[in-house]
Amino acid sequence: MQADLGFWVLQGLNALQLSMLLFLLSVGLTVIFGLMHFVNLAHGSLYALGAYAAATAGAAIGFWGGLLVAPLAVAALGVVLYLVFIRRMRRAGPMAQVLVTFGLIFVMLDLTRIIWGAQALSAPVPALLDGRLTILGVEYPAYRLFVIALGLAIWGVLALVLSRTQIGAMIRAGVDNDSMAACMGIDVERMFFLVFCVGCALAGLAGAVAAPLLSVTPDMGLQILIPTLIVIVIGGLGSLKGAIAGSLIYGVVQTFGAVLFPQLASILIYGLLAAVLILRPAGLFPAKG
Amino acid sequence: MLELNAVDSGYGETQVLHGMTVTAQAGRVLAILGRNGAGKSTTLKTVMGLLPAKTGQITFEGRAIRSGRPYDIARMGLGYVPETRDIFRSLTVRENLELAAKRFPAPPGGWTMARVLELFPRLGERMANGGMQLSGGEQQMLAIARALLMNPRLLILDEPTEGLAPIIVKLIHDRLMDLKQTGLSMILVEQNFGFATSLADDVVIVSKGQIVWTGTPDEIRADAEAQHRWLGV
Amino acid sequence: MLETRNLSKSFGAIHVTRNVSLKLERGERRVILGPNGAGKTTLFNQLVGEITPDKGQVFLAGEDVTALSVQARARRGLSRSYQKNTLFDGLTVEENLGLAASVTHGHWHNIRYDSLTRRDVQDTVREVAEQVRLMPYLHARVSDVSYGVRRQLEVGVALATRPLVLLMDEPTSGVGPEMAKGFHELLSDLPRDLTLLIIEHDMDLAFAVADSITVLNYGEVVFDGSPEEARGSSLLKDIYLGAWEDA
Amino acid sequence: QAEDIKVGLLLPFSGVYAALGEEIETGFRLGLDTFGEGSGASFEIVREDSEASPPVGLAKTRKLVMQDKVDVMAGVVSSGVLGAIRDVVDGAKVPLIVANAGNDEATGEACSPWITRMSFSNQQVNRPMGKYLVDQGITKVFTIGADYAAGQQMIGAFAEAFKAAGGEIVGQEFTPFQKTQDFGPFLAKAKSSGAQAVYAFYAGGEAISFVKQYDSFGMKDALPLYGAGFLTSQLYVDAQGPAAQGVITALHYVPTIDNEANKQFVEAFKAKAGHLPSEYAVHGYDAARALVEAVKSGATDGETLGAALQKTSFDGPRGATAIDPATNNIVQPIYVYQIVAGEGGAQTQKVLAQLPAEADPVNGCEMALIN
Amino acid sequence: MFRHTSLRFWALGLIAAAAVLRALTAEYFGVEMVAEIAILAILVIALDMVAGFGGMVSLCHGALMGAGAYAYAMLTVKVGLAPSAAFAGAIAITGAASWLIGAVCGRSHGIYFIMATLAFGQMAYSLVFEQPVFGGDDGVSGVPRIDLSLIGLDLNDPRTFAFACLFVLGFVYWFATHVLQAGLGRTLTGIMHNEQRMRALGVNVWRIKADMFGLAGMIAAAAGALAAQHVMFVSPGLLNWTVSGEALVVVILGGLGTIIGPVIGAIAFVALKHEVSAHTDYWHLVVGLILIAVVMSRANGIFGWLEQRLSRARPVPARDVIAHQVRKDLAAQGALEDA
């Protein structure tokens, strides 16, 4: 079985697909995390919310509508969260932030249960992507290929925006020393607000993309949180490169670990995380800022 | 140009400024002298909106700026070089400079990247370095260069010569002199008495959060008693 | 007491120190001069072990310490102050000094008693506080005192370890003339067998306290001699002093 | 004269199993309402959230027993909680009607006269499928299930019966419990294993993801999917959608079972909860009924209730149901069903076969009868 | 730096009196709650020791406690050791493991430290969950309590057991505050404020961190061994990261870096949880909201708030120090990357 090329292609695609889903999620978190030094543990809940929004909206206006609505809805929630909590917590340091967002996890968990019930929902795969395509002699679900493509596309866009615009430098300056940045006429507050909203929208997008693939349950956000954190810590906080590298490493280790060393599978990734942190205490590709 | 009138300010519970009243005239250089801990830096921070003023008025070109946000105050044309320099450590030297240069386009004859690098050639050699890797003196140059690139109407310098080699101090002195000649208004907080008095048009001395002495450079040079009493020279 | 041989370090293409060889006798007081960015602080960092040199050795009291960690060198009597304050900001001045003294007196790793209330620690704290004129501030929190006071504490913490060799990185930058003068007195009060290496930009102080002067430029030792020689050196004037000294 | 029976209802009302807790509670209350009328007793329910966590469940059980002094307990979703509280209820001699937890030991080596199970046991649901598959001409099977005690018991019981009937297990995979969201890697393995069919056990969110992903890889045609009926439980088929069509599984209850008792139950439950009942609902419903029957037979306190519960037997929604006096486990028929398209695009269960009720082997249970 | 202010003594006395009173008078469940609170309080003291005084915000203390519980359960049930020997054994084993974790993770700071400890915690969780020796998902039952009949005590009596837990809590409180006031604790606090300077003063930073983490691990193990005896059952859920998260919540709710604060946090948390869950299934929501409100109040937890109102000597909240430290670290990393 292992000698068969098809097996490697298929599992490789599986790994890539998982990586891209994690990338969509972790990139938002890493941007908020690394640039604003804001520890948003509720990021997973935003993802869950995106999935619920996509499932609900999808039922009414179809998958593509849901894919559009979910990020917007989550970004809107992000606005509320920012105005009510985050803005006041920015200077409070990671401990307070961990706690407030830890509290938010539970609040949002129960809120989803109250609104959507405790039972699992799901979103259908759109007709356009319902089939399978053949790549390198392997039949593979079209929807999963779509996830891969979407992840790569978002990566490209973000890389372009961050490296080619001054906004990246402004954000980093604000992170370094917000009062000095303000003294240079940078509206630090507004900038962070935008960053936060974009991060939230990406989480919502990840949820919307995941909805047809997985089941939509209240605790899906909690489940995905640890893998996402592992991804960004392996990759290094705040860097796009880190998010993509971490996602790929996680996807590959998880997928191939599961099929090749099933007994070790669940320990493997934690071992890897520990090893990375021992050798490179700041992750593989820490942000330059 | 900039006026403080009976300003009280401080850090949380600790009040540092007690009725600080001082005026910086347009086109002139005001030197603020005083012992360590007198409240010089606190005055500047309050002007920039980094510390809230509890009472009193602060006006810049006639507009009240008390309790404005630093962001707005900076955009009104105040360029600030803090005593801690506050280089953006995770940005390269170039990025530090561009942050100002790209967002505050130089008026004709204003400060441009090229002119600033001419002023501090040392920085030119370090353009790709991270802000953190600069030596102390290089950081000071960068902080001044950065403020100049904002092409401010009032330049506020908090101990610009601290930690600089004499040759650089001289250089900065000459450049500031040039700036002064172009009519740029400046506020200068200094420990270096000679440096300050040779640049300033007006001198004030701060002690315990209040102005205790006002005059010209010549007057303070002549007033050994005041020097001894307020500056410990 | 402290010796370096061919110490070299570069960051990428920048050579920050090139073949620096220094030799300080016991009790010698040497001032390092040099333009900004000459590599003075980086030299200190290599002496104490915060940066590993690319090549060359460091000897402390005859022992090759090049491979030793920062803390190991510190416990052999090497102490430094920083150009940029490196203090325990949330603690009081007394606690800052006490932490340093408790390491010296060997109480730092004890789980039986409070290291800061030990007699020997308290005595050292008091002595040092007097030396660096910090008595009035003992119970103030570092984050509440002015910058100048912090500069004094920066030296005080380094002194409180009761070192054999003390490296000071621009100890008077940011302190007023009065305190700078006080600092001069402080230096003259220090025991004569304490070896001092000082980075200074204040020429009056430098010439007043130095037994010898070393000038660094672009990472290289370009001058090594007595203060008298330095005063007359045209090289020093060109690269460092400029015409400012008479202002 | 009206007796007052205090019932401790221990269910997860928060956490991942909250949905099951809700179903069971609704069923239980419906059961009390439906059957309690003529019993002459009134029932007081003290409800406690076990959070599906053994230590919490244990603490709550102790509270119910020692402080609230309940006459009887009902509930328990997770086998872990059941294992944790077993000694307490056994020691305190408080009868417990298990309304879900299916671990085999509870009615095997760790059985207790005070613990009566009205739900199912893991092996009971899966064992009959071994022979059934061979009868359908399937002799090579790949099994896959969640890696925890219940998953291992379910798959294990099936595999044993399947091999006994002459089948061959060509591959076996246990996936990390509640940590696996992407089954792609395992499905690829199953595909290349040379099996004729896949037999799976999953529940909850994992069941939904598994069935959908199985379909998306296009495996249903070449490699039909069988499994324990929890895989396509009434609770999940709506979310699974058309992906579930064609999957054949076995379970002790589906809402489409054709008998009078079930019709009434389904009607009443729908009226109350607004959706079709799942097997979890029926556990609660029948647990309540067993309790009421025990009271009707004259039981008034813990001890008499315990004795009476051991003798439970009635025709309920799942057909003829009785307690096996040797283990205190339920004996019930098992239904093989397939998910097919129903009216209005919904999925419905088509019962293919009713396999006869069969008591579990005693498995080391030494059951003392109460009185 | 840890100081015993008079407010702290008052709080301590009040808590002790209330606990004894409640353990004496409450009904069954009330007594159980005392034991539950005492055990949680022991755990959070262990966490506050390293987080509040060393900036080592650990997300594996739940796992350490679980390890202690499992070690105790395995040593009694599977190895057949006497419970008191097993108690000591559990503390020793967990302490050693904890020392190693501290030594390894001590290199990283801030959020990286949190994640590194999380990784070790989850590794332990997976190990226990998946190795059949540990009973997997089903856990290990039949865990005995220590036999104190020699001194005439029966720990199987809930009231006696609650008192035993309170006794251990008292000892742990004394021990923790003592260590924090001793050289080791002072040095650790110095490291939290400025690691670089501590090194330059001659301190072996990683040793201090590892030693303190090891001591805290021993305390967490004691909490675990008590928890195992309390429910007489252990299951893998004990080691899950959410337990560590909850412990952290309790520490901050009470007041990071005050030792007495976390004890108050434990009382508040357990009481709140029981009170709210008695009224609604959505108790997570309510507790979450209250938590947010407390943290947003900008005070350093409940005790920090009390301290702010009632005492003049206002120590710098450890969380501000940590915040500052993390910022510096992150910026410094950016710089290193350029080299």
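The letters A, B, C, D and E name the chains in turn, as written, and every chain counts its residues from 1.
Please note the rule applied: a contact is a pair of C-beta atoms (placed from the backbone, for glycine too) under 8 Å apart; a residue touches a chain by one contact, two chains touch by 3 or more.
Every value quoted in this text rests on a predicted model; they were computed, and no experiment measured them.
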Far-end chain from subunit A, centres as C-alpha averages:
C
Which two chains meet at the most C-beta pairs?
A-E
Relative to subunit B, which chain has the most distant C-alpha mean position?
D
Subunit B-subunit E separation of Cα centroids, rounded to whole Å:
49
For subunit B and subunit C, what's the span in angstrom between their mean Cα positions?
29
Would you mind pulling out the distance in Å between where the CA atoms of subunit A average out and where those of subunit E do?
31
Mind checking the centre-to-centre distance between subunit A and subunit D? Centres are C-alpha means, answer in whole Å.
36
Multi-partner residues of subunit E (each touching 2 or more other chains)
129-130, 282, 284, 320, 324, 331, 334, 338-339
Among subunit A residues, those touching two or more other chains are 110, 113, 176, 266, 287-289
Multi-chain touching residues of subunit D, meaning two or more other chains, are 14, 18
Can you check the complex and tell me which residues of subunit E touch subunit D?
27-29, 32, 36, 129-130, 136-139, 141-142, 227, 231-233, 235, 237-238, 277, 281-284
Would you tell me which residues of subunit B are touching subunit A in their complex?
48-50, 69-71, 73-75, 80, 82, 86, 88-91, 95-96, 98-100, 102-104, 130, 146, 150
Under the touch definition given earlier, write down the residues of subunit B that touch subunit C in their complex.
11, 14, 35-37, 41, 83, 122, 126, 133-138, 140-141, 159, 162-171, 173, 191, 193-195, 198, 231-233
Taking the complex as given, what residues does subunit E use to touch subunit A?
57, 104-105, 107-112, 114-116, 118-120, 122-123, 126-127, 129-130, 241, 245, 248-249, 252-253, 256, 282, 284-285, 287-289, 291-292, 295-296, 298, 319-320, 322-324, 326-327, 330-331, 333-334, 336-338
For subunit C, which residues count as touching subunit B in their complex?
11, 33-42, 83-84, 144-149, 170, 173-179, 181, 201, 203, 239-245, 247
